[in-house]
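Right after this note come the structures.
Heads up, the next two complexes both have chain A, just with different partners, chain B and then chain C.
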Partner chain A sequence: MIDVKHVKKSYGRKRVLKDISFTAEKGEITCLVGVNGSGKTTILNAIMNLTPIQEGNILIDGKQLTKETYERMTYIPDTITMLPSMKIQDAFAFMKEHYHAWNEKRATELLSFFKLEKEEKIQSLSKGNKAKVNMLLGLALDVDYILMDEPFSGIDIFSREQITDVFTSHLIADRGVIITTHEIQDIEHLIDQVVLLDEGVVVRQFYAENVREEEGKSIVDVMREVYRQ
Partner chain B sequence: MHIELNKREPVYVQVVRYFKKQIASGALEAGAEIPSRRELANQLKINPNTVQRAYKEMESIGLIQTKGNLPSTVTEDELMIREIRESLLNDAIHSFMATVRSLRMSVDDVIPLLEAREKEEESL
Partner chain C sequence: MKSFIKLLNFEFNRFFKLYVTLFIFMFVVQVGGIVISALSYNRTVNNHLAEGIAESSVIEAVGMFSLAGHMYHLYFVGPLFLSLIGILFYTFFIWYRDWLGKNTFIYRLLTLPSSRMNVYFSKLLTIFLTGLGVAAFQLIIIFLQNQLVHLIVPDVFRVDLSTVYVTRHFSLLLTMFPVNVSEFISYQLLSILFIVVIFTAILLERSYRLIGLVYGVVYAFVMFLIFLSPTIVQFILGYEYFYPSELVMLLVVTGVIVLVSSLLFSRYLMNKKVTV
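Let's look at the complex of A and B:
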């Protein structure tokens, strides 16, 4: 379980995270939802210890993040971080060199899942295919937790469909996933838990199936209530 | 396999209803194997935990059974299948009657219309 407890963070005078607490379970997909600027990416950065926090703490399976923990979780940012001149296979080699958790077999499987060729250069890929390679590099690590920043934003509908297919496949099975998004309509049926953010505060956390069952509401209905107040 | 999903109703309930319909209509025969949880999640593009919950629900009411690591199968209990048919038919009649009554019509008024409709569909 990833347990985020009373995290506060400011950039100078600007309080980006005012008081963030939520949990994300292993074997579940947890979705952080909020408009642009609500602190979604900062939260992922804080979980990965890529940015310092002023208050609060973050526990991974009950423990503080250490160097070793990095082999158990991965962060897929919203743009690919490999050099544009690299071929996909060069990116594979890079990952292999830097991560013990790299699983070449799964990487190859993902390559055919996404219908990509390893001789292709990253700079010559379409936006959708770049997003797929970016996702692939994270998913091919044998880790317990995967953090994805806006995996669906700005890509064509078919690439999007292929990426959503990953979520229902064995490629994600039993792992804990946190994704951020500002458009949830297309993935309402894919996620377990929703964390609604507004101006650096968690306004509500709930299981999607529970609000459907107990309140007869869709995720978007709940969002409308929360954000239109 | 495809379900038109409603966003305001628990997905697991919709999956259970789908299986009930398939079993009642005979599209899924008694004793037939059904897809694995992951296969179904993949086909319907829904959360695997939700499928798990639907299968658990269907197991608890005896609609499907799972032995060890084998694929789950549809019940062979004919009485149960008949009951599901009846309950689905009852639901349909209930909502049909509610509409008919709200239009201040009687069953006698609509029987000829139903017969005409049936003929029309047969001729297609």
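Let's look at the complex of A and C:
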């Protein structure tokens, strides 16, 4: 379980996260939803210790993050985290060298799933294919938790469909996923838990299925209620 | 340790193309320069001899050809300075290239399942080793230049100097190739100290951004003052308050203080403050 407790963060005088608390369970897909500047990416960065927080606490399975945690939790930001000059096979070699959790078999499987070639240079790939390589590098790690920041941002509909297919495959099953997205419609049916953010606070946290069953509302309906108030 | 070695190899490979370009540039300009100078000298000498002037009078008129006399020429000093400036530039670039532009490789480096100080030390050692490499390559070039002068300029018109003698004749080279081991070690430690302070200042900027830039500059200045404080005290007092050996000891102490505190501070920034 990823437990985010009363996290506060400011950039200078601007308070980006005012008091953020939520939990994301293993085996569930938790979606952070909010308009631009609501602090979604900052939360993911804070969970990965890629930006310091001023107050609060973040626990991964009840423990503070250590270097070993990066073998159990990975981050897929909205831009590729490999050198543009590398070929995909060089990126594979880098991952294999540095992560015990790297699963070469799964990486190769994903490569054909996304219809990519090992010899291709990252810098010569289209935006959609770069996003796929980025996702591949995260998904090919045998980790318990995956954090994804806007995986659908600015990519074509076919690439988006391919990435969406990943969520229904064995590649995600049993893992804990925290995802941020604007394009909620694409994955609405896949999401377990939703955390609605607004101006650095959690305005509502709910399980999509409960809301569907008990209130007959979709995630978008709830968002409309919350953000149009 | 294994992760550190892998990262060091990775960092060095990233610099390799630029490094080889620097070496080629040094080689072409410095070796080419000495060949052209030697050939031009030969031509002048031959012209004089063709006019029937005696060898001794030619030597009196144009002097003998000596490698040491060419150490201050632009073709020698230029590439050497350019290489050193290139490495100084790379001391900053080695960090900023992972953050700036479309490059977000820093996300990967900071989320590797090993100590973040491995990233720091791999960058530090890359800079240090490339500096040493330039010094070693310069030594090889001087040796080559010496051999070429031997081949081109006739015995009677040249002053034969050993490579060691040449390096001691030129103050910048004397800094790169000191006369004794202890001096060599001190200069290398000084260069490490310099890189560590610069790295800490960069990490301050990367942690606190705009205000961090101010912190970084102030930090580097304060560290500079602390390191040189024994010399500054001596200067303020206006007389030789410390014996030379005492001054060296005090500089070692302040150097160790600056080095250790900068490394600890860098570790704190890398683990707790640096932001993507």
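Just so it is clear, the second predicted complex is superposed on the first by the 229 of 229 C-alpha atoms of A that agree within 3 Å, B and C clash if a C-alpha of one lies under 4 Å from a C-alpha of the other, contacts with A are read in each partner's own complex, and residues count from 1 in each chain.
Basically, contacts are C-beta pairs under 8 Å (C-beta built on N, C-alpha and C of every residue); 3 or more make two chains touch, one makes a residue touch a chain.
Here the structure is a predicted model, which means the values were calculated and not measured.
Under the clash rule set out above, the superposition-derived model of chain A with chain B and chain C shows the two partners fitting side by side. Once the two complexes are overlaid on the shared chain, A:220 sits against chain B while remaining clear of chain C. When both complexes are overlaid on chain A, the residue A:168 reaches chain B alone and has no touch with chain C. Residue contacts after overlaying the shared chain place A:70 against chain C, while chain B stays out of touching range.
By the touch criterion defined above, A:98 lies against chain C but remains apart from chain B after alignment on the C-alpha atoms of chain A. Of note, the Cα-centre angle with chain A at its vertex and chain B and chain C at its ends comes out at 160 degrees, rounded to the nearest 10.
Of the two partner chains placed by superposition, only chain B is touched by A:189; chain C is not.
Of the two partner chains placed around the shared chain by superposition, chain B is the only one that A:27 touches, whereas chain C remains out of contact. Once both complexes are placed on a shared chain A, the shortest Cα to Cα gap between chain B and chain C comes to 29 Å. Comparing the two interfaces of chain A, the one with chain B and the one with chain C have no residue in common.
Chain contact summary for the complex, chain A toward chain C: residues 45, 48-52, 67-71, 74-75, 77, 79-84, 94, 97-101. Across the complex, chain A is touched by residues 3, 6, 10, 14, 102-105, 107-108, 110-116, 207, 271-273, 275-276 of chain C. Considering their complex, residues 27-29, 164-165, 167-170, 173, 188-192, 209, 212-213, 216-221 of chain A touch chain B.
Against chain A, in their complex, chain B makes its touches with residues 5, 7-13, 38, 41-42, 44-50, 53.
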